[in-house]
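Chains here go by letter, A, B, C and D, matching the order in which they are written, and residues are numbered from 1 within each.
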Amino acid sequence: MMRDQVGAPPEVLEEMAYRIRRLSMEMITYSRWGHPGGSLSAADILAVLYFDVMTVDPARPDWEQRDRFVCSKAHAAPAVYAALALRGFFPIDEIYTYCELGGRLEGHVHRGGLPGIESSGGPLGIGLSVATGMALGLRSKELPRPRVFCLLGDGESNEGNVWEAAMSAAHYHLDNLIAVVDYNKVMAKGFTWDLMGIEPLADKWRAFGWDVLEVDGHSLAGLQEAFHQLRWVRPRGRPLVLIAHTVKGKGIDRAEFNYKWHTHAPDPETADQMLRALARAYGRPEEGYSRLGLEHSKETFYGGE
Amino acid sequence: MMRDQVGAPPEVLEEMAYRIRRLSMEMITYSRWGHPGGSLSAADILAVLYFDVMTVDPARPDWEQRDRFVCSKAHAAPAVYAALALRGFFPIDEIYTYCELGGRLEGHVHRGGLPGIESSGGPLGIGLSVATGMALGLRSKELPRPRVFCLLGDGESNEGNVWEAAMSAAHYHLDNLIAVVDYNKVMAKGFTWDLMGIEPLADKWRAFGWDVLEVDGHSLAGLQEAFHQLRWVRPRGRPLVLIAHTVKGKGIDRAEFNYKWHTHAPDPETADQMLRALARAYGRPEEGYSRLGLEHSKETFYGGE
Amino acid sequence: MAGSDAAPELEMREAFGRALVELGQREPRIRVLDADLCTSTKASLFRDAYPGRFVQLGIAEQNLFGVAAGLALEGFIPFPCTFASFAARRGLDQIAISICYAGLNVKIPGSYPGLPTSRAGASHNCLEDLAVMRTLPGLRIADPGDNADLLAIMQAAVATPGPVYFRVTRLTLPPLPRTALGFQWGKGVILRPGKDVTLFGTGMMTSLCLRAADLLAADSVQAEVVHLASVKPIDRELILESAGRTRCAVTAENGTVLGGFGSAVIEVLADRLPVPVRRIGVQDRWIESGGIDELFTLHGMQPSDIAAAAQDVMRARAGQK
Amino acid sequence: MAGSDAAPELEMREAFGRALVELGQREPRIRVLDADLCTSTKASLFRDAYPGRFVQLGIAEQNLFGVAAGLALEGFIPFPCTFASFAARRGLDQIAISICYAGLNVKIPGSYPGLPTSRAGASHNCLEDLAVMRTLPGLRIADPGDNADLLAIMQAAVATPGPVYFRVTRLTLPPLPRTALGFQWGKGVILRPGKDVTLFGTGMMTSLCLRAADLLAADSVQAEVVHLASVKPIDRELILESAGRTRCAVTAENGTVLGGFGSAVIEVLADRLPVPVRRIGVQDRWIESGGIDELFTLHGMQPSDIAAAAQDVMRARAGQK
């Protein structure tokens, strides 16, 4: 363990991971729409990225020297919004405008007003190309410092566009590009091995010219180490992918490894229980769903007919 | 060498490969349009497929028990048309309608009247999916005998669609599917390694769950052996790709390894010389361009202005 | 109407899943292909009924449509299922060349079209599928107005050789008044006769046109409501006949007004019988996340908006005379 | 007209390559991206001039447009170059979401549009790009009528923030009569005044409209020729003004008549000033391989066809009165 060599203290990261999970569930519950599974599985990755690894400045979201982040699995928007809000990019209370008309927190991450969001997504498979373009652009501007991070889903790697991007990033030796695969083994409707097998995943990336590190995507220390390694230790000249082994729905018991919680909003009472359990699991003071009883009115379109 | 264990006599295959090359150049010269490079590199593969490996019946192009062929690199149409005509699917003279309005020989292979053509192409990257669907369909019909062959370009493997198809064919254990990569190292505008590196290509296919054989794509005996092996020897349960190392433009000196002949029609006099040299190289009686002096009139659209 | 026994109170996607199962029973060549959306599209009902005839292809829409082409070549009738967005935008080349250009017998359902797709936002609200698909020669296109319509369209799709694209709304739609016609390619139907203005609707917008006609009736305007579920081919005769009488029209579609259904109607009219037409639909802007009702309001696609457009176009006609 | 010094005798693709080089000199942020077609599109001229600002991406159009988006995010002005077919059909999702929805500063040339693409056949004759691209909010679209027009469009594209799609014909086009206007987004220009019928042309079809006007003049018909290089936004005022005078029109585009340029014109007219319009272009069929001239004849897109449509639409107008 080389924990003491890296940045943020473990208790900060754990707190942030906890709060990313909490806030994600708050958003999804309040808006009655969203993707808990893939938000929860990515919470630790995002905590480490935003509170330890990435150089960003909430006061200057467009600062040239910042590290870039592209969320290719754009449905994990709640977790990204939570991380950004916690990092200070916008007021935390704004998370309750998630999916509201006129708000800045679209259902899928979207470049358009919300500070900290670099690119627009929604269709899976397109983000790594954008990240590749950014990495190429940084090199062309002779900005050696900033790196581009791209979060991918495991099911997403069915998309050919991912492999087109992977091939080109290796061709251009983009060692300022780091992909993280949230390898939670679950897609929208089932397990990867049932729906579309992607193993041997590490071999695929290697054969496409990438360096590969496999990590426990819920070990904050492990993630820190991996990112640290990629920064200072590993040889250069190739893009790197972190295959982060995760659990879909991590932290909410009934959602874990359960495709039914890929996209599903809990009712407020269920959310309340879930959040209490989550707090207990983190050894935090028990805290339920903050907006219990404050939900929107039901959809009315065609409602009466 | 296991040559005597397999079907067609070498002199037949050589004759057919020769004539596929000849006819391809005749077509391209006469229509003043087409892709010599990728037609010539695939000539030996097509000779072996149509005259040794594939079970087809020109009298019954839709015969259920036939082997299927999908030309994903659909610009190699001249070579495919030549092979089909030589195999008896349509009269050889019809090749001179290649790219003629009202004819059946479209610029890119197209299902629509011409016997022996299974699917439509043009955009690269789409054929392996179609072949995968056919292989799935054959299995679903419980037709164990027919196999589906799919010819791919090396540059074509930049296309993500190829990898989507590859992943799914492995997922479904389609051992009735055989892809052949015409690995001629040249794309439309240069070498693969300059434009978009695809190495290690065999590793890519392996990581996507395919069995891989690498062969000299201009050794008729080597191709025969490889196809023979795949039929009787190799273990089942996985699709197979033959990586056929070839020379783009093979057989026409100035076109060899030369991207400038990827798409380029020689003038009739040049074609005449080329075909004479080709005949000599094959030890055949010297024979030039058959339609010397019989070319179409020039395009007139905007010609006068 | 064929399929008039379809339970109207179902979400249309549920009716779709059931219709797949029903058709699957009668037609053994049907195969249902999925790109990891089956419990959303409800193709999962078919999977549960005939697991051996269901093909999961993962999140890879280009391959989805290519594999569908291959299965069609082997004599099957594939239904490659995904959201309309991922068909019209991600799989377009494969739909165009592998399926339509080759003339193959593939039936493409486009699920979650238009606005009412939950709160997913612009990338999932497919506004352009009708316009995009219309450009492909040989492809038939339909947008059902209710569940009975959907069932009839799916029956017609299976009965008609060649490629078909049809939309499957996620919502529960109110049943349209039944007519003797049922669904036929290239045929529309007058659901409510009127003499003052024609409201041409397709898909779920037809029922909003009927509600607009009620609003107009309260203002003594007799609006004719024509339902054109068959977007391509479109019913030229009926369009010309109805607009020939009313001399002005409103079109209503659940998608962009650029190049889609409304444009198909005015293409017919401009050719032979130019009359003023207002096109209701999304006016060339990206959709935001939001509630369904408020989105319809924001984009001026509520019955009151249709009625206002009708009043407006009648004034334009009067100005012309 | 801006760029009137562009040599008219060049193939338009050659003029495109030279314009890229010229713009590249003035604007260091320009990057040219290729998908293995550079010596066909003539993006190769830029590669030769500025090898360090040229990015080869191989045969992978989805990635081509995604990478372009990424470069735009870093402040560059990328020109991702490929054939119109592979932009409109293969890269559509990435163009829509990564580029247009995000509002990025990417300039997309669609090479080899429409019929005159050599003998490659249906898959390469892109007929649908105008219709497809029109559905994307925020995307500006232009189809140049000659090399000077192209240069002006490219200058305007670079000068205007946000996404742009423009066509680059392969052929050598005759120069259009020069006007004072130059190219402006949303502005068309009357190239030949007339009172009997308006011929609205875009891209290379405008010069065929001029030739049609000559034919019509021989029959004592004074046709007005309006060139609308800016397809989106389109010049509503000029369309209404010209058709308001002539009360009938023909549109001409090098592509499908379903949802494309002609539809854009009648969308304007149907709204305000319905007059009879005939749309010249490909009438909803796949293109076969063939010679350029014979394809234009087969599809009824020659000057004589435009003239005949004009006669026809004038008769329709007479019938209406």
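Observations
Here, a contact is a pair of C-beta atoms (placed from the backbone, for glycine too) under 8 Å apart; a residue touches a chain by one contact, two chains touch by 3 or more.
Not measured: the values here are computed from a predicted model.
Distance from chain A peaks, on a Cα-centroid basis, for B. With each centre defined as the average position of its C-alpha atoms, the distance from chain A to chain C rounds to 35 Å. Computed centre separation for the pair chain A/chain D is 41 angstrom, with centres defined by C-alpha atoms. Chain B has its Cα centroid 44 Å from the Cα centroid of chain A.
Averaged Cα coordinates give chain C a centre that lies 30 Å from the centre of chain D. Contact with two or more other chains is made by residues 57-58, 60, 62-63, 85-86, 89-90, 93, 97, 101, 122-123 of chain D. Residue positions of chain A with contacts to 2 or more other chains are 110, 120-123, 125, 158-161, 164, 167-168, 171, 196. If touching chains are joined by edges, the resulting network of the protein chains shown connects every chain directly with every other.
Considering their complex, residues 68, 110-112, 118-123, 125-138, 140-141, 160-161, 164-165, 167-168, 171 of chain B touch chain C. Residues 85-86, 88-90, 92-93, 96-97, 101, 122-123, 127-128, 131-132, 134-138, 256-260, 262-264, 266-267, 269-272, 274-279, 284-286, 316, 320 of chain C touch chain D in their complex. Interface of chain B with chain D (complex): residues 31-34, 74, 98-103, 105-108, 110, 120-125, 155-156, 158-160, 187-189, 194-196, 263, 296, 299-302, 305. Across the complex, chain B is touched by residues 125, 158-164, 167-168, 170-171, 196-198, 200, 203-204, 206-209 of chain A. Of all the residues in chain C, the ones that touch chain B in their complex are 31, 52-53, 55, 57-58, 60, 62-63, 65-76, 78, 93-94, 97-98, 101-103.
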